[in-house]
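The following pair of complexes shares a single chain, chain A, combined with chain B in the former and chain C in the latter.
Now for the complex of A and B:
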């Protein structure tokens, strides 16, 4: 195994990790602030992918269609997320764990069928613009040029989120809410409204990730089933509610998956679950999380 | 008892299709009841119970297809293998509580799923195992296998009932209601929870073992997390604080599924809507709801726990 192909593998792991990061960041945020484990997250991610296909399809004759469809997918998914929060999720914050899981699980079932009803069972393909169709060579190893775009946009989102949490008023409120909801409420901040927007932001990230994912391959039904579990693994490894943890966790999962598949293709997923289980046993709150109040 | 008599008479009245549905109700009912040993009696939510169901199903499937072992021998062996898996994996699970317990059981469940899914040479991978035929003495018709299932499930349910009413079962309730206090009176709660986890897994394995010959095949999907969600819903629907709740839940869920899938392929959407309505409208499940509305139906007051939704 020469160094170039290892580097290629590293980059593809990085790409996969970036997608996972975008999905898991919202999942982690929602769990960190509201203690809701959102099974429907990946369904909304997939919906984002389909949205971006639709937008791209509608604006096909324009050159900006491809670029615009990705953020629009985020906003469209966020609208669905906002609606779900206001209608349903709002009612279950104070419910018991199994009820919350059942509700988000049901939402996932309903959304999957909604996708099937809306977009049909045929695979959808987004044709990329000319500039990002050819591979580029980095240190002599070929790489899909779109992958670089994926990695860069993931980095941009990570920096944006970090900036939001560190330097804005709302970011501070969100961070405070991860630590103590009661205290934030006692300071006169309208908790229900914060919840709605945190959920919407999380789903925006999921939809955006779906939009980013869409041009990588074709969009197929059921893609969400695998990614939700892997996103859970990322969040568990990194720690619920920690942005840095989610970043590290998604890179670990992405790279481990990418390299194991070279040497032991059958064991790639198994290894990820072994790592996840080991983290849960030794440090249930994850690498960068803090022990939880529950 | 009434239920049992009903279960004996029904197959003579209803068409063959519904006999299959009844068989499925029984198998899933035992599965859900075993899940409820952890959920209702121990107060922990497992989201990976299908793993033990799947291990049971694959034990019987492999033994019958590859070694021609008679079904009656397979059943206890399936319980044993599921129990052994739970002994190893459960050891770690019972150290955690609440959401972490749910996630770790789910992670282990997916671990088992991917091992079965990827191990083509042994388990057949995603092709599953075909050609698991019920033994000759049960024939090919639906009814004999139904009665066989009925007997096995009845024995399993009685065993679970005895366990849940034993001092051990009451220790589990004590752990559920107040783990700290139970520990203070000198009970090693982790060992008790581990034991309960193994027992629950063994009966899930038994239910799984019945599935293979019924369906003539087993597939890795039996172990994945979606399948782990089914007993959660059945228990919640029927009422987790009543011994028969999960069985009732299984009956409602399975019949609804058989009914809905006969005219639409969008069963997941229908089931999702049903689950949401059930969770929002009747937090104590159907039996909990009946118990609230008609107090005389309540079997024994100590069994129903207040749910403050």
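Now for the complex of A and C:
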């Protein structure tokens, strides 16, 4: 195995990790701030992919259709997320964890059926513009040119979220709410409204990630089932609520999967679950999470 | 005298009514045909086409009065979700609630195998038109289960015949397989590897990849395989996954670097990926309509299908359409819709289908039908590429010998 091949495999792992990061970032954000384990996250991700297909399909004759449909998918999903929060999620913040799980899982099932009713059962394919149909070569390693965009989007989301949490007033409120929502509430900040917008932002990320995923293969019903499990692995490894943890967790899962395929193809997925289980036993709050929460 | 006349008249009228009543009751008895296909899940893409083929066939048959000209065919369509437990539940429900006499099922071989014993238990005909694992008919055979699609063994042998020819020409030595990790993927891969061993013993299998059913990210597999630089790659990736796999592999220039012969590229993929499919690729399929346009039944089918659905029929539409017509001819031969009689009539029967005159094998109820290989090329007659230099590998050239089937059955007992 020469160095170019290893580097190629590293790039594959990086793209896989980035896709997972985009899905897991919103999941982790929502859990970190609101303590809601959102099982419907991947369903909204899938909805984002379908939205992106629809936008692309509507604007097909324009050259910007492909590029515009991805952020639009994020906004469309965010609208659905906002609606869900206001109508349903708002009412379950104080409930037990298992009730929240049941409710978000039901939402996932309802959304899956909604997708089936809206877009039908045949899978959808977005045709990429000519310029991103060929591989590019980085130090002799081939990389799907679209993945450059994927990796850049992942980096942009990571930096954007980090900047938001670190330097904006709203970011500070969100971070404070992670530690003590009572204290933030006591300072006169309207917690319910903050929650609504954090949830909407999280779902925007899900929809955006769905839009990013859409041109990679075909869009199929049931795609969400596989990714939600892997996204959970990512947040468990990285630590719920930690942005850095989610980023590192995604890259670990992506790279481990990618390299295991070279040497032990059958065990690639198994190894990820073994790591997840090990982290749960040794360090239940994940690599970058905090053990105590109020 | 008057009294006798009147009585006779009434008797005649009543007798007439009686017979008329019986005949109308008989004509009114419909033939309930169940369809349980994976309308959602990994098999959605192929199954939807299957249902369209079935609907068209039933419409045509009903416009002539139904089976035997009098039994209207009523369709009961269910979603097996490509899951064995759901498939079994739905088929049981079809049998008990909708009183079906036959069921066309499934996309997934795992579902078809789970449904087989149920169909046998309730004495209902079971026709597999998309799923094609050999084990559906080879092991634990059921007299009620028929298969109208070339099975995994036949397809693998057909592919091996083509690959062996090319390997010899091009001096290939090492290869890699990639197959979906479930019943069909595993059995197809196993047969292909075995054939290559038999036909070209110099070839070595370097590595096997098993992406799970429903995989959406193939990048790591693609770059991994490319790094190993095999002489060629054999693929058996299913339905939706196959689209994702091909699309992603293509953007890496995979097919320009590594020959990928004998992979399943059906008319569905030819149409869906019309713009992007690499031309010149050698591929395999199960029932391409364009190979039989000289058969009037196929020509009519394509014409009617296009009129109804405004597209060309995929393999799955052809096969499922054939499934209904095989059943129709079974009923005609039995001169009855009685399932026992139809089942016996279909054993070893020769049927007239879109793919020509084909015979069900007596040993396992597998239709002795052809597999098709060819080079993907554009054709001015169609808005998508089709196969050029089609090689039709007949059932008789590709099916497993009876002796091996009997041996396999003995081994599983």
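Points to keep in mind about this one:
Operating definition for what follows: the second predicted complex is superposed on the first by the 292 of 294 C-alpha atoms of A that agree within 3 Å, B and C clash if a C-alpha of one lies under 4 Å from a C-alpha of the other, contacts with A are read in each partner's own complex, and residues count from 1 in each chain.
Keep this in mind: a residue touches a chain if its C-beta (ideal position, glycine included) is under 8 Å from a C-beta of that chain, and two chains touch if they have at least 3 such contacts.
Please read these numbers as outputs of a predicted model, since none were measured by experiment.
In the superposition on chain A, contact is made by A:88 with chain B only, not with chain C.
In the superposed pair of complexes, A:261 makes contact with chain C only, with no contact to chain B.
Residue contacts after overlaying the shared chain place A:222 against chain C, while chain B stays out of touching range. Contacts of A:180 after superposition: neither chain B nor chain C is touched. In the overlay built on the shared chain, the residue A:63 is in contact with neither chain B nor chain C.
Of the two partner chains, chain C is the only one that A:12 touches; chain B does not reach it. In the superposed model, A:134 lies in contact with chain C only, and not with chain B. In the superposed model, A:37 lies in contact with chain B only, and not with chain C. In the superposition on chain A, A:101 contacts chain B only, with no contact to chain C.
Shared contact residues of chain A, touching chain B in one structure and chain C in the other: 116, 225, 266, 269. Contact residues of chain A toward chain C in the complex are 1-2, 4-6, 8-9, 11-13, 15-16, 19, 116, 121-123, 125, 127-128, 132-135, 141-142, 144-147, 213, 216-218, 220-223, 225-227, 257-258, 261-262, 265-266, 268-269. Every residue of chain A that touches chain B in the complex is listed here, in rising order: 35, 37, 88, 91-92, 95-99, 101-103, 105-110, 112-114, 116-117, 225, 229, 232-233, 236, 266-267, 269-270, 273-274, 276-277, 280-281, 284, 292, 294.
Within the complex, the chain C residues that touch chain A are 39-42, 44-45, 47-48, 207-210, 212, 214-224, 226-228, 240, 243-245, 247-248, 250-253, 272-273, 275-276. Residues 39, 45, 47, 92, 95-96, 98-100, 102-104, 106-108, 110-111, 114-115, 118-119, 225-226, 229, 232-233, 236, 266, 268-269, 271-273, 275-276, 279-280, 283, 307, 309 of chain B are the ones touching chain A in the complex.
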